[in-house]
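First the structure, then my questions, so here it is.
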Amino acid sequence: MADNKFAAYICSGCGIGDTLDIAGLEKIATREGKMALVKSHPFLCNAEGVQLIKDDIEKEAVTHICVAACSRRAKTEAFNFPTVSMSRANLREGVLWVVAEGAEHDEVRQEMAEDYIRMGCAEVKKMSLPQGNAKRDQTQNKTILVVGGGMSGMTAALASAEAGYEVALVEKTAALGGFAGKLWKRVPFSSPYADPQATGVAEMAAKISANGRIKVHLNTTVAETGGAPGRFKVKLAQESGVVNDMTVGAIIQASGFTPYDMAKLPELGAGQANVVDQAGLEAMACAANGGAIKRADGKEVKSVVFVQCAGQRDETGTHLAYCSGHCCATSIKQAMYFKDANPEVDTVVVYDDLRVPGMGEDFYRSAQKKGVVFTKGKASKVTGGDSCKVEFTDLILDEPTSVDADLVVLATGQVANAGVNLDAWTEVNTAAEGGNEEAKQKRSEMKTISVLNLDYRQGPDVPQFKYGFADSHFICFPYETRRTGIYAAGPMRRPMDMLQATEDATGAAMKAIQAVENAAQGRAAHPRAGDLSYPIVRLEGCTQCKRCTVECPFGAIDEDEKRFPVFNEERCRRCGTCMGACPVRVISFENYSCDTVGMQVKAVNVPDEDEEKPRILILACENDAYPALDMAGVQRLTYSAYVRAIPVRCLGSVNTIWITDALNQGFDGVMMMGCKKGDDYQCHFVKGSEMAYYRLSKIGDTLTQLGLEPERVVTEEVAITDNARVAKLINDYAAQLNDLGLSPMKGFG
Amino acid sequence: MSDLNTQAVARYKNNFLREVEERVEEGNMVKMCMQCGVCAGSCPFGPHWQHSPQKIFMMIRAGKREELLTSDSMWMCTSCYNCIVRCPRKLPITHIIHGLANYAHRLKLVPKGQPTRDVTKLFWDNLMKVGRINELTFSLALYFKDGLVQGIKNSLAMQSAGLGLLKAGRLNPMEIFGGHKCKEQSGIHRMIAKAREIEDGRRGLLA
Amino acid sequence: MTASIATGQTILVVGGGISGMTAALEAAECGKRVILVEKTPSLGGRTAQLYRYFPKMCYPSCGMEINLKRIKGNPNVRVMTMTEVTAVSGSRGNYAVTLKVSPRYVTENCTACGECGKAVTSEVADTFNYGLSKVKAAYLPNAMAYPQRYVIDPSIAGTAEGEAAKAACKYSAVDLGMKEDTVQLNVGTVVWATGWRPYDANKIQPYGYDRFANVITSVEFERLCDPHGPTGGKILRPGDGKEAKNIAFIQCAGSRDENHLPHCSRICCMASLKQTQYVREAYGEGENAGKSTIYYIDIRAIDRFEDFYQMVQKDPTVSFVKSKVAKIVENKENGNPILHGVDTEGYHRYDTEHDLVVLAVGMEPEVTGVKLPDDIILDSSNFIEGSKDGGMFGAGAASSPLDVNRAVQSATAASLKAIQVIHKTASTEAA
């Protein structure tokens, strides 16, 4: 391998050269940054400037470059040199645009720029050349495993196969169709939204069996899942006891829902004759086969009342707190079953808010046209029997009233079949691992509802978000589960109707396909899409503390028998939380490591005490806080020239060594800027910022040992829109440090 | 209670919505109401109604037949058409309200002395007599509908208006003796009778 | 006319909002070639103009940053801004597409240094702020704009102002001679992610949006509350610049209305619930608290959005009136809108005065009134269902009134459908 050759390119455009001493910066890059080549250019991002760099890469065999110009977020197309390692020193957004104008600031401004040059040079020196993923097994598996043969699973299977991928479709019962297979008809999916439609389940099942790319496994469950995207090892257990091993590339979990148990609703007539749930009504409609719907006693139903939100939207904590979204449209559809067979049947829907968003409004109107009566009210009591009675408060006429009917249908909600709740699991598992026999027993019981039986360190199923659904927390990224290569689809992800479930399943198939393609190339999945680096671990230094395996937000790290971490690289999202967690610093990435950041911290020139120039280190999340700092610059907001900001992949990747190093070196304060944590977390790596906060809550001891005030290290939740706030935070903190006085550590570093 | 009413009660039992759908002008649109309340809020006479249009629709669904048909709410409509213009479901609310009023009238359920009904009836009767409206006899009938004394008081109160009309040639005192008429009066009567027969047949109102 | 290299294996995505970006990226990250065209000067679409998302109250720009990073790092996606599709011919697997590229008058040399903006004095309506403020006629569309490149408004292109902008640019990035260009492409499939627009509130006569300064739309309210918006995040009403504290939110302004939009626009209930929380955050609780009133027909907070609804219901600064507001009149003394209607739960008439009225305007497909290829199938509200030949797809809010989360879901699904077309074309060609 050729020797590394380092070069720095300093842009003097956008006013950088008018305000900063470029020759001085060049000198820093050469003398302190130890760059073999240092060049400046008045317009580095134009074709000529870019060519200058390209020529050096080709002719001068430059391997590592530091581009000192605008922010790493700007001019990415121009500064795109995939064969070399590159750092960016942010002179424009990070210095020029944020330091107050005027000659009196010239000195601190120049110092700031010089430090960013030092930091950029230090960073790139610790980066390894892009390796690609030569060690990747090129025979990665691209088969998509779909777990669940209902509407979502069938849709995902067909969608994947039609894009050219092999599919294994696993269904635990003896037939495809799932809940949809038990319906008489479904709600319409396209214009006109007027009438119930055939479910199409049989046609889909036929299409699946005719598709050579799809292998259907009926009466089969997933007994065990291990491995990672591109190489999941799955044990498929047939009802007969036969177990087959297979390798798949990605997994779509479409395990559906179970209707909320209406037995829990005695006040709404549960258990009484002629009170059924929506699933019960579907069975009656299937039996009627388009004719008059008959009750269990054989009597033809002449009047029916639908009670919406039965056991849902419950604020008492007894029943489901959420709305299942589909039930209003389902009741409308079911009322049409009666009206379409016999317009004389009285159908009344008792609702509170009629929730048929989007084109569902057309379906609602169509039902009204057919004579379905909608009454806004809250049902308080249902009595079953030969003549049923629904007692409710009419919310429009503002009075208690009742209606009699031959049949009452309760619109109960959806309960996700998402498998084991990992929060509960972790608690039991920890006790079990501690040898508690009772916990071991409980753990086995818990596992019986597992869908995937993952052999992951962090538990047997995908993490659930709320109310037992495996939803994503992200609005912009609805498919981001915390298990790379495993995608949830349909009503186990979120309560939904069949139309949404089919869209959802198609989207999940897209993500699964992307996962196998990424795995084959060794590329990271969202949010560091395309990142080719892998975590590198020096096991010889590992103390088996398990922090990385516990803290990884994506369950990417397992443990071997000796409790050493086993990195399942294809599961890794490159957030660096493991790196931040590691107390002995044995985990790193080729272009992001304890050293790439640590050396930047060390590169900063901390002035002696008598100069009275404090230094503040900012470690800013690259996804939100760093762009906010950038945009403060774009808007020409000013902040203290004493700060030195370093972007980090996630606050979770911050290793406390950086902080102690900074303080030892004489930094007067450290600001950590990361995303919001807690229930409404905004961390792109889910748990990263939370981990950082947790770790930093314990840094007080270290500070005390160093004889430092706790205010020397602060953490701030910063959103990407906080441009103005971030400038204010910095200035306030600078003022606070001014009151506190300079760090007593200066000169000892 | 009329025979028609007894018959309707027997026929529709408690299904007032169906009764309205079949028997009231544009009653088949009542079911399309989604209870948004814009009609009630848009009615300039709103504060004076016992039941607003939206509530009337809800009462129909709730089977409050007697309460609605014997109320005077439908008689308050001034046909301003605000409700129709604003209704998001394009319900012909004004027409339905008039239809309900007419239906209550046919069933003889209108409260005694309901002034709008009385005026309307006077107007209709006057019109039907000779096929044209006679302003003089209609006005006088209106003034004197509550007795002689009240009639004189009303006439005196309206004296200047009457004189004005007289001067302008808009009121002919000779009209009191029958006035101008249609040419084919019996034809008009036959036509109206036939129309009513068809309409009543359609609505199941033939006694 | 410019020829561009694209083939039957290329996916064309029309619209650079969050749905279009998603559809483009999901396919590109599978190794497919994608051309993403956007008619405005920067990506982001309407979500970029939102202050925060429901129900997390997080920031759209946060996801935008990630998506832009994905785009910047992916050589498979080619972005064309200020570009519109003017014609599509051919069929599934082989479409010929004509694009119209409007002049930006600024080349790729632009470094976004901002000198041109300083040099010009004339101003134009800031469309990013729905016209609530003005921006220099040489401008960066917004702080996060991608491409990060200035735009010169056509109104100054041929004027001394344009020359001033040109003279101020040290990087020869201003090209006032730029002309409209036409580009021909061959692509295999088209994803229409053309999005939505707020329904024209002027058409809702009784609410007086056209007559009363203190009646605004929900999208405008987003800009008012955004610290990056025209008022720096202060809720100042347009009529007189006074702080608005007693705010009415009118649901179904245009939606669920056969006189306007017959469909339910889905997002408006949640958007208004969210916006009540802006008011709450602006004024806090207690003495100085603001007041929000939601006038609604049904609160359609489906699935786990119900949590958010229940949270807002418990908020003492928010009240709910089940009523479609009949009309608004203006109090001439103070410019306050007065709402008239009936609370349908028990019939209580009201004539309530508020400082500001926010109309939760409905979503209308952006393509309403636009000539689309004959093959496109539209539903009764002009949402795109697909194409007869199965080679073109609707995605996101172009396909149905969707919230961001569902739009992204829809776009991800549309992306796979496009890949299926590419795959089939490739297999046919190979055979």
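By written order: A, B and C. Residues from 1 in each chain.
Criterion: a contact is a pair of C-beta atoms (placed from the backbone, for glycine too) under 8 Å apart; a residue touches a chain by one contact, two chains touch by 3 or more.
Because the structure is a prediction, the values reported are computed rather than measured.
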Chain centroid nearest the full-protein CA centroid: C
Higher-contact pair (C-beta pairs counted), B-C versus A-B: B-C
Subunit A-subunit C separation of Cα centroids, rounded to whole Å: 24
Rounded Å distance, subunit B centre to subunit C centre (Cα mean): 50
Subunit A and subunit B: spacing of chain centres that average the CA atoms, whole Å: 65
Where subunit A touches two or more other chains, by residue: 354, 365, 396
Per-residue multi-chain contacts in subunit B, two or more chains: 34-35, 54-55, 89
Overlap residues in subunit C, where contacts from two or more other chains coincide: 256, 322, 344, 347
Residues of subunit C defined as touching subunit B within the complex: 206, 252, 256-260, 297, 322-327, 340-344, 347, 349
Subunit B - residues contacting subunit A, complex: 15, 17, 31-32, 34-35, 54-55, 58-59, 61-62, 64, 89
Partner subunit A, residues of subunit C touching it in the complex: 18, 25-26, 29-31, 51, 53, 56-67, 69-70, 72-74, 109, 111-113, 140, 143-144, 148, 170-171, 226-228, 256, 262-266, 298-307, 310, 322, 344-347, 379-381, 383, 385, 400-402, 404-406, 408-410, 412-413, 415-417, 419-420, 423-424, 427
Interfacial residue positions of subunit A with respect to subunit C in the complex: 13-15, 43, 45-46, 70, 73-77, 159, 162-164, 190-192, 313, 315, 321-325, 353-362, 365, 395-396, 398, 466-467, 469, 471, 473-479, 494-496, 500, 503-504, 506-507, 509-511, 513-514, 517-518, 523, 526-527, 529-530, 623-624, 627, 631, 634-635, 675-676, 680, 682, 684, 719-721, 723-725
Subunit B - residues contacting subunit C, complex: 34-38, 40-42, 46-47, 52, 54-55, 82, 85-86, 88-90
